[in-house]
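A, B, C and D label the chains in the order they appear, each numbered from 1.
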Amino acid sequence: MPAKMPLDAILAALFPAGHAVTVAEGLITGEGPFGDGRLVVVGIDGDTALGVEGALMLSRAVLDAVKAGESSGSRAPILVAVDSDSQRMSRRDELLGLNECLAHLAKALLLADHLGHPTVGLIYGHSAAGAFIATALATRVLAALPGADPSVMDLPSVARVTKLPLEKLEAMAASTPVFAPGLDNMVATGAVHVVLDPGQPLDAQLRALIADLPPGDIRDRLGRERGGRPVAQVIAERVVSQARGT
Amino acid sequence: MESLTFRHTTQKALPGTKREAIIGVVASGNLEVLLERVLAPDACEIAIETAINGYGDVWEAVVADFVARAQPGGLRISVNDGGARPDTVSLRLLQGVRLMED
Amino acid sequence: MAVTSASADPTRLSWYEASARQRVAAFLDADTFQEFVGPAERAMSPHLPLFELPRAFDDGIVVGRGRLDGRPVLVAAQEGRFMGGAFGEVHGAKLVGLLRAAGAVTPAAVLILFDTGGVRLQEANAGETAIAEAMRAIAEVRAAGIPVIGLIGGRAGAYGGGGLIAGTCARLAVSEGGRISVSGPEVIETNKGAEEFDSRDRALVWRTMGGKHRRLTGGADAYVADTVAAFRQAALALIDRAPAFDLATLEAEQARLEARLARFGACRDGAEIWVRLGVNDPDAVPAMTDAAFAETVAGVPEASHDAR
Amino acid sequence: MVAWRNERAARDARLEAGRAFADGKVVAAGSVTDLLEAVLRPGDRVCLEGDNQKQADCLARGLAACDPARIHDLHMVQSGIVLPEHLDVFETGVARRLDYSYSGPQGARIARMLYGGQIALGAVHTYLELFARYFVDLTPHVALIAGVSADRDGNLYTGPNTEDTPTVVEATHFKNGLVIAQVNEIVERVPRVDIPGDRIDFVVEADRPFYVEPLFTRDPAAMTETQILIAMMAIKGIYAEYGVRRLNHGIGFGTAAIELLLPTYGERLGLKGQIATHWALNPHPTLIPAIESGWVTQVHCFGSEVGMDRYIRERPDVFFTGSDGSLRSNRAFCQTAGLYACDMFIGATLQIDLMGHSSTVTQSRVAGFGGAPNMGSDPHGRRHPSETWMKAGREAQIVGDPALMRGRKLVVQLVETFGEGLVPTFVERLDAMELARKTGLELAPVMIYADDVTHIVTEEGIANLLLCRDADEREQAIRGIAGYTEIGRGRDRAKVEALRARGVIRRPEDLGISPLDADRSLLAARSIKDLVHWSGGLYEPPAKFRNW
């Protein structure tokens, strides 16, 4: 597996003229000059687990960007950069309503998108489960860098839950992208739209993505085309067409 | 997993006009039964997908008793089984037939 | 308490006990439900056979249209007993398709009857992606002015991605048995140890993520008895009280959740939070009858809001 | 000259040795092992109170920690092998011989240790049988018992779980033995005196409250349609048919379903007051709806049940309670009541053979007996009539002068044809016989012998074995309700139909019951929470049964 590209290097490549993006306790916020305007960056760095405080801090940053867009009339693109753990697993987080906080973060990103902010996810390290859904997966388009390692659950844990031998799961994982961890499988599923080329300027690649945003949610189509989710699009379309019929 | 199919000839068609019904849930020790009125009035086909291998003769007996008792002529019955006991299978089959008779 | 005969009024059916199909049939106006991609279409999981696992004709979710007090609605109901109601490829695609259809058919509401442990591990990537798709679709449906209402009272609760989808809905109704959470108690215990969360302490589980706790803290907007009729009444009331999906709502939610962390961030237990919310006898909350609990909720301003 | 006081002198010597670790009668929890090493002698018969529920766990830990060089080859004579420590003592050599009754939670380990020869097994008893032997040839030298509280004089309050304690103390104290009690707390004055202080030699204040397992709590949420169907058949085909008023229930889901159907299905059949009024039974939470609906006149208990204490206190018309208000249970008396004063025992089992012998033993588990064989036997010492008993007697009577007829106790096995994991309940040969062969037991551990069984109820029907006139009929009656097990499929269909025509076999439809009506909505309570509601909030279920 290629090495993970560090956040510093990513930011340097995105903002050749410098930026005001900071990382505090693993939470990324800030912005920098981008093309004619600015690029807002939020995210998670350093394999950090996302808890209630972190989710609300990121959602605050997203809503601030939306507010700025309201007043300026210019909808800045929002980049959600992720190298995270899963959601923080603790009694306290659940007690305080982690599901609401994560959903709120996702809703903030979806609202930004709805109001015209281009939203782009960038997974450059690990991410999993609720943290992934609330961040990078809540953007219009999700890009990855080689070395990214998204997953829902690692294979030993899958083995424990499904009571299948690890060796068998490993063998199955080689041919079945639908359950196995790893970037290639998330690409095949359609969750990750594109893998960027670290050898080319990142800012240009990002600008190209923003210029050519898909019109809506095309992840199930990608999943069918790439073979990682063979039937989802067909089923969803069948539901839509039956619902539209009388 | 094991697939089993049984075909029976019945003495009569199952009364009622309902085209389709489903009962039960696939879970441990439980099953779902999908009934469709798509066959000739004296024919019944029962296709089973079961999670537990090696009980073909028990299924055969359960199905034969069910057909003799319910006379489900005209029905194609499809079963997804999560390892239900024979009495649960019989019960679900009868519950399904009752829905089709409505 | 329900002491009913087999032929009793189906709306008195226990929500917790009922199957997804029973819930839908008894929840909607009688005989109005029309299913999309029904069981006879045999839209089953293409992946479960690899794991030697049995499939279900509906992949554990029922979707379709019907009427609620005469108003047209779209409805999805998860079957918590099949694979824990978990999101697989087909399961998730059916929900996503229903939500996308809402934009075209403009129902009075979309109702999601949650009963899920989250992502189906055997189809984890498909399930996780479908959850993201569903959340995006809900945002679009809500932005179009159509309320999306979640109902939670099944045996599997609303866990994992299910908890996130629930948090994306405009309104939520929950019963005592309903649980809403991201990580389940067993998952937390497995990862962090029994000192962090003893999953066998059921009372603790419910104080942490159960229906009463969620209602008192504003994590759900209605608390209902465990009957289909009660959920139906709650859904009808919530449809007309759904907040808009706009900046004002999300700013209000941001403030609401920040205030929650500030006030209760140091609490270790649900009962501590209830005290700070002004509940006189927090130890009595778990055993409270539905009526007494409704009275308690009425005295807690934080429980009711438009910030979701 | 013959010495007549050797035992008394030995007892006094033990007492004296023990006093070094006591303040009066009171011993600190940390000194238990020292105390035991002082008072025990190699080869002693020791009763370590392990009841069905209440466990002298602090004393068990102390005993397990004894130095096997000093204390060894003990002969344990106790009803329950429940805690790991109960078997640890055999691994260290502290104990060698064992006579016991019940070993549910340790059933697998005890089987391994029996096969491995680590335990010299005397016998697996029924409760009453073991209690009886305490007074004849298994009298303990030392008894280690458990109670809720004691005063400094040793007056003991057992709490609602009195269970075996009076019997054990009676046999030990009055025959020169030493009694050591662990209590949760030492108090100025006990709520009531269950055991007078002069029968208690040492009192240990335990480091934590004694362990009690909620053995009798069956969650209505887990009851299946099949169990409900079987319960409906039992109520209509047996309780109503024989007018069974005085009875004992086993602890399975089937009988719990019956308890929950009394106020609904039973009410509908007009049976209130006609059946199930007087009970020998632990305080089953699932009996609450029937009690609250006025079905139950009285209940005597073997022991208590976790969470039921407050409820019982508020229902003294129904339960036996002390002057302090809490339940007074007594296993020996309740077993006797079940044996002689009940007209029916109904319970489940794991295996039934073609004659109707039943056993809960499998080759990998030796669960022991507990009380079922007493309850589930027809006592030849009974001399009082009842309608139920006489009707059963008439059905069984085939020869002789009717004036010399005696009644029969109903012994009913309530089973599903397949158990967990599709394991058939009906078998050609009981696993118990293989176990007996492998471990060299003289008696196969049969739970209930065929000649005691009067009825078997499965989801397929009721077999009335009283009406069977020969072994072949009996076999076909059993095959005829054995469903799709190999035994069931091996039936002679013509013979089975003939038995059905005679009423020996009755199918649900013969009883006017449709399997399609067996619905969970018939249960008076469908969850533990419902039981709490029925009890008016008095029932306090343990955490693991809560869903709120």
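Here, contacts are C-beta pairs under 8 Å (C-beta built on N, C-alpha and C of every residue); 3 or more make two chains touch, one makes a residue touch a chain.
A quick map from chain label to UniProt name: A = Biotin-independent malonate decarboxylase subunit gamma; B = Malonate decarboxylase acyl carrier protein; C = Malonyl-S-ACP:biotin-protein carboxyltransferase MADC; D = Acetyl-S-ACP:malonate ACP transferase.
None of these values were measured; they are calculated from a predicted model.
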{"item": "Most centrally placed chain - per-chain CA mean versus overall CA mean", "value": "C"}
{"item": "Interface with the most contact pairs, given as the two chains involved", "value": "A-C"}
{"item": "Chain located farthest away, centre of subunit B as origin (C-alpha)", "value": "A"}
{"item": "Centre distance in Å when subunit C and subunit D are each reduced to the mean of their C-alpha atoms", "value": "43"}
{"item": "Intercentroid distance (Cα basis), subunit D paired with subunit B, Å", "value": "41"}
{"item": "Chain centre separation in whole Å, for subunit C relative to subunit B (CA means)", "value": "33"}
{"item": "Centroid distance [mean C-alpha coordinates] between subunit C and subunit A, Å", "value": "24"}
{"item": "Topology of the chain contact graph, where touching chains are joined (line, ring, star, complete, other)", "value": "other"}
{"item": "Set of all touching chain pairs, with the criterion as stated earlier", "value": "A-C, B-C, B-D, C-D"}
{"item": "Residue ranges of subunit D in contact with subunit B within the complex", "value": "224-226, 229, 416-418, 422, 459-460, 483-484, 489, 515-516, 518"}
{"item": "Subunit B residues touching subunit D - in the complex, by the definition given at the top", "value": "52, 55, 57-58, 61-62, 83, 85-88, 90-91, 94-95, 98"}
{"item": "Footprint of subunit B on subunit C - complex, ascending", "value": "19, 21, 38-40, 42, 49, 52-58, 79, 81-82"}
{"item": "Subunit C residues within the subunit D interface of the complex", "value": "1-6, 8, 13-14, 16-17, 176-177, 200-204, 206, 210, 212, 286-287, 289"}
{"item": "Residues of subunit A defined as touching subunit C within the complex", "value": "52-53, 56, 59-60, 63, 66-67, 70, 87, 89-104, 106-108, 110-111, 113-115, 129-130, 132-134, 137-138, 151-153, 158, 160-162, 164, 172, 176-180, 185-186, 188-191, 217, 219-220, 223, 228-240, 242-244"}
